[in-house]
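Following this line, the structures themselves.
Two complexes, one shared chain (chain A), two partners (chain B, chain C).
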Partner chain A sequence: MSAEVVDSNPYSRLMALKRMGIVNNYEEIRSFSVAIVGIGGVGSVAAEMLTRCGIGRLLLYDYDTVELANMNRLFFRPEQAGMTKTDAAVQTLVGINPDVDLESYTINITTVDGFKTFIESLTRDNKRKRNTGGSKSGVDLVLSCVDNYEARMVVNQACNELGQTWMESGVSEDAVSGHIQLLIPGETACFACAPPLVVASGVDERTLKREGVCAASLPTTMGIVAGLLVQNSLKYLLQFGQVSKYLGYSALKDFFPTMELRPNPQCANLACRQRQGEYEAAKPARDLAARAKADADAAEAALASKVPVHDENEWNISLVDDDEGVAPLGVVAGQQGSAGYLPEGLLRELPDAEVFDESARTEEAFVKPEGDLDDLQKQLEALNAF
Partner chain B sequence: MSAEVVDSNPYSRLMALKRMGIVNNYEEIRSFSVAIVGIGGVGSVAAEMLTRCGIGRLLLYDYDTVELANMNRLFFRPEQAGMTKTDAAVQTLVGINPDVDLESYTINITTVDGFKTFIESLTRDNKRKRNTGGSKSGVDLVLSCVDNYEARMVVNQACNELGQTWMESGVSEDAVSGHIQLLIPGETACFACAPPLVVASGVDERTLKREGVCAASLPTTMGIVAGLLVQNSLKYLLQFGQVSKYLGYSALKDFFPTMELRPNPQCANLACRQRQGEYEAAKPARDLAARAKADADAAEAALASKVPVHDENEWNISLVDDDEGVAPLGVVAGQQGSAGYLPEGLLRELPDAEVFDESARTEEAFVKPEGDLDDLQKQLEALNAF
Partner chain C sequence: MEGWDVNTKSTVAKIPLLTTRAGPRDGELWTQRRKEEFMALIKYMEMNKAKDSDWFRIAPNADGTKWKGKCWYVHNLLKYEFDLQFDIPVTYPATAPELELPELDGKTAKMYRGGKICLTIHFKPLWAKNCPRFGIAHALCLGLGPWLAAEVPHLVDTGVIQHKEKQSQSSSGP
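The block that comes next holds the complex of A and B.
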């Protein structure tokens, strides 16, 4: 994966994420495996996004075929009508980025045989997984992009059994809202911890569908939900930003609700309760690791306070003492490195610091903490570790 | 545009938006013209979404060619490297939906000749525009998907001159934030009303780019911004939901800020100040129309209160008097039409209304408004019209 900035490098704009300080380790994306269940309006776009990002390995699951009625969503093309969604997806994705290892499974995971194949495919090749950490799975993340509760419950079952982190996604029947959700077995609620009414009451959801009526869908809503899903997948895999636990999208008012769901100790799913027990049992080890990390961070911070933050300083940013003379307004280029430097053509909009009321800056305005600040910081971090 | 629910109908899932009560007039999308300036990471996906939605006519503007370095965003394919973005876009879009009238312009709108062609193409064929309402433009909406301020200022100039509503979009250099913005000449701020610092200070932004450094980009962020842009375009054109004036997206924390920007009476752009004057002058007519609409709505509401809300009542929903006996818990199917009806397999989770504390329901708890409620409603609407 080259970072070279030339027009012929498909990864230059991705590797630039490192230079911009967003991601430390972008090239690690080549080592991750992601499974996508359901290659419809959301799953197909998610697969394309991950393929273009250069993901290492993609496992695709669907049993449906492409229809012209799917053309109101991104990804599939009219000439693919009649092909299985998995075959059509592989055809398109290989053309976009041959570097990605693609595995496709034309199966219905809600059947007995389908479930068996699903579990086998997830566990096989688990040397490929970056961090096995107690999980039997061979993938780093499972994305659920299915359109019914039965399939969601099957993904939930598999991931609870394998201790596999997954993300769920969904779009409403009226096409104007959707959501994504992160599920970590034992740590967050599983899909059975707080089941939707239709699941809790055991109704066969197929009886709810009516002849001659179809759900509405829009390429916009599906594309946005796929984008939010893969964006959070990238944050999870490459460890940057903050992964949303639950993020909703309501198109009519551009409203984006968030929430967190804790696991239910009375969850009906046995595997979920087992994972909850393991998570609870591992608490002392987690606390120890958190305290060690806090200590290491504090040590690093103490060290860092003694050296300049940036060795390179391409924007010539420097701290000046308030009492030091600041260059007058309108000083322009040719003075690189001095505190008064401004690029050619730019003028200062605000007056110099000197002009502001000096009285607000008296020593008395600041309350000095008692004791040593480093000590207080360490105490705080130790408390946070619990 | 057929609403028939068959696998071979590419519009069935879009026409279902009418049945779901989201859009009144989906088929009107065939009568709209939209111009997209900049067919890059955001513009190309916006074009594909509108094409799959069945937009009537698309005008595409770009002067750049497809490079392998663009493959980390959706839409373009490696075999299109070297083609102009306009040619490659037309090739793909025609294949997806031949019903859309595509016009492509391989021009740089920031040149003198380019600007002339841009204005001519926007004003030509203005019989195609649904509602000309004083505007000289022949399109219903302009989407700006460019990657520099100079081009944004040119789109702003053209739209101010033509009185053309447009939407602006942008993605940050570090690929993890973006925004969309609605601009209605005279009514909202134009792009010159509160210009970014680099525009206000007249710096040539090309001098800010450095050799061997490129901006980062992600298919996720670009896809989300394109989705939000086209979703708001659909809401604007088909008149449903609420069009966002400004919507930001910050990927690291999934934060979506909104705001409104009023026009600046001292805006440096002459055409903007002219549109502001016209908008001000048209205020009495707007007020009159708003009052007429309020009266019509009130009359309709008065009429509606006398007839049942739904003639069809497929879910058998009915209001029951609190004093009327309600069927006991657990009553199941076979009683369609009665107030106690529940679909097979569903049980009531909450107790009957009867079980709740009766004391909270005394007449004294409700303060009866003085005078007639309809009168109050009309007074309120008349106030709101100003």
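The block that comes next holds the complex of A and C.
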């Protein structure tokens, strides 16, 4: 990646980030692989941003086609109506930056077959594959840009199984709020650890008219959320600035709540609990590395003792060991019983699973698991037949 | 249970609950869960037939991941019947199956792309609260039944769907 400042170099303004001292390693962007699940109003814009940034490789997943009803959003053009979103995205992105390796998967990841393809594509060996710290994945980051809970739970399942860090994004169905969230299996709450957090729109639910439509959308809200998502991704990949764990956006109030979410030891997701165990087991090694880094930093500071402490340090979260000291404001344990403290403006989208009241258990309340699967299927078919 | 009519509430309360938390990738446990799904569906269909309110047919493929059938709704004494299909998601039962009526794709705003019906804001919270006790029978009763009752009259009255002549004489069954 050339840093030469000439009109013909598409990367010159990006490489200028290095000269200015914002990012020390911008050219590494060419070595990263990012998977984007859901190429809609947020995912397509995120894909374009990463393409223009010179990302190494993009994996795109969607099963939908471009509709004229999507034209209130960015990226897709009317003449692409009828194409799959993945094909249309590749067509446009190749034209913008032919340096990016693009892979497109026209699949529904929530189905058994689609999930298999999803996992295979994420784990496929790749020459760009970096040291991902024990992860089985062949990508550096997964971005979830889907519009429903079911698909988010599937991305969560895949990333928990692979130990793959991912970022979730969402825009509310009333189009006036959104959020992004960083999920590191075992280290932060997974998407199943607690019911999902969403930003309150500030609209009284009782006056919100949902009849007759499923969802509204605005190119502004979606573009803003895509921008927040890719900004956080760049900071995560290139290790500059502070990576947000959860950042909300309320369009009506221009309010941006933030918080952190700890994993739930009782999470219903087995792979999440396994990653939590591994993260716990790796604590001594982590502490050792943190101490070594602190020593190195101290030595460096001593060398540069005449120079005041670099401003960047106070923003560098890697210096904050969250295992010691007071929990930062807004840390929420992703635990059962979501009565726990939530920062202003955030609420749970779904309730916790309720524990069944055993006193209400009667003979008839539950099916009695007995009999042979084929016999039962025949009984159902018999009922279907008349 | 805010958001449902009295009849639906009393019906769903009679569908037996399931106990095994397992999805299609869970091997033996999935077999166990499928037995429970069959038993709950059999009970629900028997109840419907006994009340003369039979309204769907449904059967799975060999591994229980893809279900196909029919559902119908009677409006002004005419029966409107639709193909019904859905996949069991890999994250089932943490997430409910997304019920599809492919023939109505693009014909109503209360539908996502691909013919997936758009459920009320009450459905997902109730499903989440009752995980893993609710199964396919509960999803049909709480999701598809009320959707048909709300949408079919509207689709007929606005002329979006017309009655098919061949369906007019049949009383039950596809």
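Odds and ends about this structure:
Following the convention adopted for this analysis, the second predicted complex is superposed on the first by the 285 of 386 C-alpha atoms of A that agree within 3 Å, B and C clash if a C-alpha of one lies under 4 Å from a C-alpha of the other, contacts with A are read in each partner's own complex, and residues count from 1 in each chain.
Just so we're on the same page, a residue touches a chain if its C-beta (ideal position, glycine included) is under 8 Å from a C-beta of that chain, and two chains touch if they have at least 3 such contacts.
What you are looking at is a predicted structure, and each value in this text was computed from that prediction instead of being measured.
Shared-chain residue A:67: touches chain B and chain C both.
Residue by residue along chain A, chain B and chain C are tallied for touches, and B comes out ahead. Of the two partner chains placed around the shared chain by superposition, chain C is the only one that A:153 touches, whereas chain B remains out of contact.
Of the two partner chains, chain C is the only one that A:376 touches; chain B does not reach it.
With both structures placed on the common chain, the touch criterion links A:219 to chain B but leaves chain C unconnected. Judged by the document's definition of touching, chain A residues 67, 212-214 lie at the interface with chain B and also at the interface with chain C. If you check the complex, the residues on chain B that touch chain A are 5-14, 16-17, 19-22, 45, 48-49, 52-54, 67-74, 77-79, 81, 95-97, 173-176, 197, 201-204, 207-208, 212-221, 223-224, 226-228, 230-232, 234-235, 240-242, 244, 247, 251-254, 256, 258, 343-347, 349. Of all the residues in chain A, the ones that touch chain C in their complex are 63-65, 67, 108, 110-112, 115, 148-150, 153-154, 156-157, 192, 195, 210, 212-214, 268-269, 350-354, 356, 364-371, 373, 376-377, 379-381, 383-384, 386. Considering their complex, residues 16-21, 24-25, 31-32, 34-36, 38-43, 45-46, 49, 57-60, 63, 65, 69, 87-91, 94-96, 98, 109-114, 118, 121, 124-125, 128-131, 133, 172-173 of chain C touch chain A.
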